[in-house]
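Both of the next two complexes hold chain A, though its partner changes from chain B to chain C.
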Partner chain A sequence: MTAAVTDLDRLLSRKSFIELSARERTKALLDAGTWRELLGPFDRLHSPWLEMQDIVPQEDDGVVVARGLIDGQPAVVAGIESAFQGGSMGEIAGMKIAAALDLARQDHERGIPTRPVLLLETGGVRLQEANLGLAVIAEIHAAIIALRPHVPVVGIIAGLVGCFGGMSLAAALCSHLIVTPQARLGMNGPEVIEQEAGIAELDASDKRLIWSLIGGEQRAAVGLVDQLVEDDADAIAEAVRAAFRAGQPDSYRSQQIPQFLARLVAIDPALVTDGPALRALWGKGEQA
Partner chain B sequence: MVQSLDTGTAPRSWNKRGQDKARRLAAVAPWLSGKVLPSSRIVEALEVLVHSGDRVALEGNNQKQADFLSRSLAEVDARKIHDLHLLISSISRREHLTLFEKGIARKVDFAFAGPQSLRVAQLLEDRKLEIGAIYTYVELYARMFVDLTPNIALVCAEKADAQGNLYTGPNTEDTPTIVEATAFRQGIVIAQVNELTDELPRVDIPGSWIDLVVVADRPFAIEPLFTRDPRIINELQILMGMMVIRGIYERHGVTSLNHGIGFDTAAIELLLPTYGASLGLKGKICRNWTLNPHPTLIPAIESGWVESVHCFGSEVGMEDYIRARPDVFFTGHDGSLRSNRVLCQLAGQYGVDLFIGSTLQMDPDGNSSTVTMGRLAGFGGAPNMGHDPKGRRHSTPAWLSLITADSEVVRGRKLVVQLAETYQKGGEPVIVESLDAVQVGKNANMPVAPVMIYGDDVSHVVTEEGIAYLFKADGIEERRAAIAAVAGATPVGLKANPRKTEDLRQRGIVAYPEDMGVRRGDAKRSLLAARSIEELSAWSGGLYQPPARFRTW
Partner chain C sequence: METFTFDYPADQKATARAHVGVVGSGDLEVLLEPSPDQTAHVRINTSVDGYGQVWKNVLDRFFTRFRKAVRIEINDFGATPGMVALRLEQAVEESRQ
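Let's turn to the complex of A and B:
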């Protein structure tokens, strides 16, 4: 009985991370009282391209960059706001992330151990900014690779938008990737696959199917992410602190080329490989 | 015995219906084993059992559907069977209208046509379909016992035994009523079942009321219509929910009630264990419900707010949870829910303190309707739940609290509350000068405009601006002023006179959030006891198993 009551209290008091806006998410990760925003909405750094296409821009272009402390150490958190243009990466939005990562690298070169965290809630490139968006995503990739020898780059996919397109590559480059069960991670989003390959190939409205293929639990089970955490702001903040305490991984997923090629070879393309089959094939959390 | 005056003719038969039924059943007798008809014979059997011009009650409500029988009826030869008169509570499947396109059916009496409402309007215009009336559920069933008794009833159940006893499972809903109206006036009752079994978990309908049982090609169709994903509840709805709890439930001491199926009422359900508890209202309000098993009620049940829930129907995914909470829900000796739409409607009309629901349009007099241009949707049960039944005689504190007259002979009122955000998405005002329903009624040659809830039945209107206590308003002008005072920036609201509004607030006929101690800034999603379907599932200890479309994990 007491246990049940405690459970109810826990349910009532749980603070959902998914519920939070990008700005609130960055706050939730930084030590209390240390949060300050760089290039906030009042700096009026918005996309010059959206208005030309009759889209109301946002004064932070959908990315919140915040500085503060994590576990008492200097940190920078870049959070993508999925409520603005689906978290898409335009020129300004993407450059805010790339520059934050680059400045963190410069910090390390000057002996300041800045901890970088990325909140990857994004459909990928912003179609209205096409090539500029793609170029800046490539800059983010390069910046992650340049920074990660200095300090773990921690990525978080919480949901519900998920992380897709070029930014799914950014997620894959992170030193430590944290997801919730509500997260999704994939190159093409389900709707894109359905549109391109037909509903017989993938029914994007079949949520159970989608999550069984690219959901947080599945991605954790096949070792494509490092940690599965429930949707609780405190639990996620603790997971971030723990990731920095753990330090550098033995090797990066993006360097495990032979291992991943071997995984692909193990798949028979003549067979339909669903979520459970892939778990059986690739094993739980198998990593080189 | 009275002799026929007209010598030469046989004495009048008083059992023509029974004889007709016997003749029809004799024609299919060779195909039956007991009461069971082989599924492959269903179309043939319908061509023999159903005669042109028959009144056919087709079980199809907004939840379960006798879809094997409706699909089979759509396959009969229209040269043999035509001009049927369908009685159907909810026109929701494609084949329901195929019956009219093929000429198998001509006339229909119905209560709701949600997803098929556009096609109904088109068939009506093409003169392929004739509408008897658009009802509420209970009116349609009532007429089955008066002048629209079915010749044939096509119903569905989960299981049957060889004697034709039926187990409906949690979705008993309308089946006993349709069967009773048909069986006891010598109509033919055909039941589709998911499976035949030797032993039923319980008997919901006795076999002697059933003539034929046929196993369906697939389990009957059922829709999770009452599941509202808490993720979609917005802060305006939370603000309105807080006002309802404070300004209506607490103020009038509402202990028994029915909720509509909107997100705003779902918000109220999810605010009880948090905001409601902070006001110390647990046990004082919202104890007894006439309500489908809404998943959003789980946190209130789990935290001890809810004494009882009687259900119109069931809800997909709630079966195991209900089975584990028999103190709260009406369940059979087998443990599963027993729902009953007509009895729950009756309970919701006469037994409860309050009905609350949302609308898509409201006029300056408080008349409301969900009918909009080009859609002939009907209202299901809302008009019956959402009115003040003048035949009520028992009193409760809430009912008595609406007495305003000072006289020896007075009566109380049921609380009928309409919720309306002043603007819909897309910038359409909800409070309008004239309901679309008026024009729709004219276009469809309806004798009266299809109003869902009449203004004179509405006791309270709640918008994000505040509450209009219409029952306290003196005369039509004051009612209009009270509605305008909470109508925000709609054309109706802009005409509100600030001095009059101030007077109404002074006299307690209009209350804004600050008047009832509700802080707008507190209306945050974090105030919801569950913010997602997975949290509802967690509240239920995993007993609530949401349908696939609601899963985001």
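Let's turn to the complex of A and C:
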């Protein structure tokens, strides 16, 4: 009984990270009083392509880049605002992230140990900006790979949009990837799969099924993400600090090619492999 | 998408700026900053066409009580008039902090 009350108190006092805007999320991760935004809305660096297509732009193009301190060390946090155009990566939005990562790398080369954090709440490329969006996503991938030998690149997928398309590759390239149970991570989103392959292949409205396949808990159980954290702003900020204290991983997921090929070979495409079957096949939590 | 501009007389100087909201479904983004002249200027980009008179009504009411020389830019994604009024009040509140 006492335990139940304590749990309830903890639940009620918990500050949700998911309910925060991208700007508030960046603030929640930086040491108190150190947050300052780069290229904020008043710089009016919005997409030049959306208005041509009759779509209202947002003055920060849906990405918040903030500098400050994490655990007293210089840091940069790039947060994607999922409420604007589904967190899609347009030319400006993507370039803000790529430039932030590139400047962090330059900091390291000058002896400034800037810690990079990415808040990946995105459906992937912004279709209205087509190749420009794809090009900047490639820039982000290259920037993560160039930066991660200097310092762990920490990614967070909190939900509720999740992380899809080319940006799911960016998530996979991170040195340390943190998710909540509400997060989803995948190349094609469920709606896209249903549209392309039919509802018999995947019913995108079946939430239980979707989360059992690509949800945060499942991704953690099969070792495709590094850490599962409850939706709690303080817990997520602590997980970020701990990730930087822990330092570099033994190896990057993107270098474990034979191990992942072996995993794919283990799957029989003639059988339907659901979430529990994949856990049984790929083992719990261990690295590939 | 439709764009509107409105001007209102102002007799007080504004000093601070504020940014509130997001260009998401049923919401809007408001940027409020000091105006370079002694007039309040409002520019609206809205995703919903044909509501110029409703925008004018909401802003007319707002500027009966608010007399500062500000430049307001709104990027709207289908917010209701009530939502617009609340976001404007929130922007004023934030600019006071």
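One rule holds in what follows: the second predicted complex is superposed on the first by the 285 of 288 C-alpha atoms of A that agree within 3 Å, B and C clash if a C-alpha of one lies under 4 Å from a C-alpha of the other, contacts with A are read in each partner's own complex, and residues count from 1 in each chain.
Keep this in mind: a contact is a pair of C-beta atoms (placed from the backbone, for glycine too) under 8 Å apart; a residue touches a chain by one contact, two chains touch by 3 or more.
These figures come from a predicted structure and were not determined experimentally.
Trainee: Which term applies to chain B and chain C once both are placed on chain A by superposition, clash or fit?
Mentor: fit
Trainee: Going by the contact rule set out at the top, does A:Pro181 touch chain B (first), chain C (second), both, or neither?
Mentor: first
Trainee: Considering only the touch criterion stated at the top, classify A:Ala32 as touching first (chain B), second (chain C), both, or neither.
Mentor: In the superposition, A:Ala32 touches no partner, neither chain B nor chain C.
Trainee: Pick one for A:Glu51: touches chain B only (first), chain C only (second), both, or neither.
Mentor: Only chain C is touched by A:Glu51; chain B is not.
Trainee: Please name the chain, chain B or chain C, that touches the greater number of residues in chain A.
Mentor: Larger number of chain A residues touched: B.
Trainee: Can A:Val272 be said to touch chain B (first), chain C (second), both, or neither?
Mentor: In the superposition, A:Val272 contacts neither chain B nor chain C.
Trainee: Between chain B (first) and chain C (second), which, if any, makes contact with A:Leu264: first, second, both or neither?
Mentor: A:Leu264 contacts neither chain B nor chain C.
Trainee: Thinking of the overlay built on chain A, is A:Phe42 touched by chain B (first), by chain C (second), by both, or by neither?
Mentor: A:Phe42: touches chain C, not chain B.
Trainee: By the touch definition at the top of the document, which applies to A:Lys15: first (chain B), second (chain C), both, or neither?
Mentor: first
Trainee: For A:Ala200, decide between first (touching chain B), second (touching chain C), both and neither.
Mentor: neither
Trainee: With the two structures placed on a shared chain A, what shortest C-alpha distance in Å links chain B and chain C?
Mentor: Least C-alpha distance after superposition: 5 Å.
Trainee: Touching chain B and also chain C: which chain A residues?
Mentor: After superposing on chain A, no chain A residue contacts both chain B and chain C.
Trainee: Applying the document's contact rule, which stretches of chain B touch chain A when the two form their complex?
Mentor: Checking each residue of chain B against chain A gives 231, 273-274, 299, 302-303, 525-526, 529-532, 534-535, 538-539, 541, 548-553.
Trainee: Quick one: in the complex, what on chain A touches chain B?
Mentor: Residues in contact with chain B: 7-8, 11-12, 14-16, 18-19, 159-160, 181-182, 205-209, 211, 215-217, 231.
Trainee: Can you check the complex and tell me which residues of chain C touch chain A?
Mentor: 1, 17, 19, 22-25, 27, 29, 31, 33, 45-47, 73, 75-77
Trainee: For chain A, which residues are in contact with chain C within the complex?
Mentor: 21, 40-42, 51, 54-59, 81, 83-85
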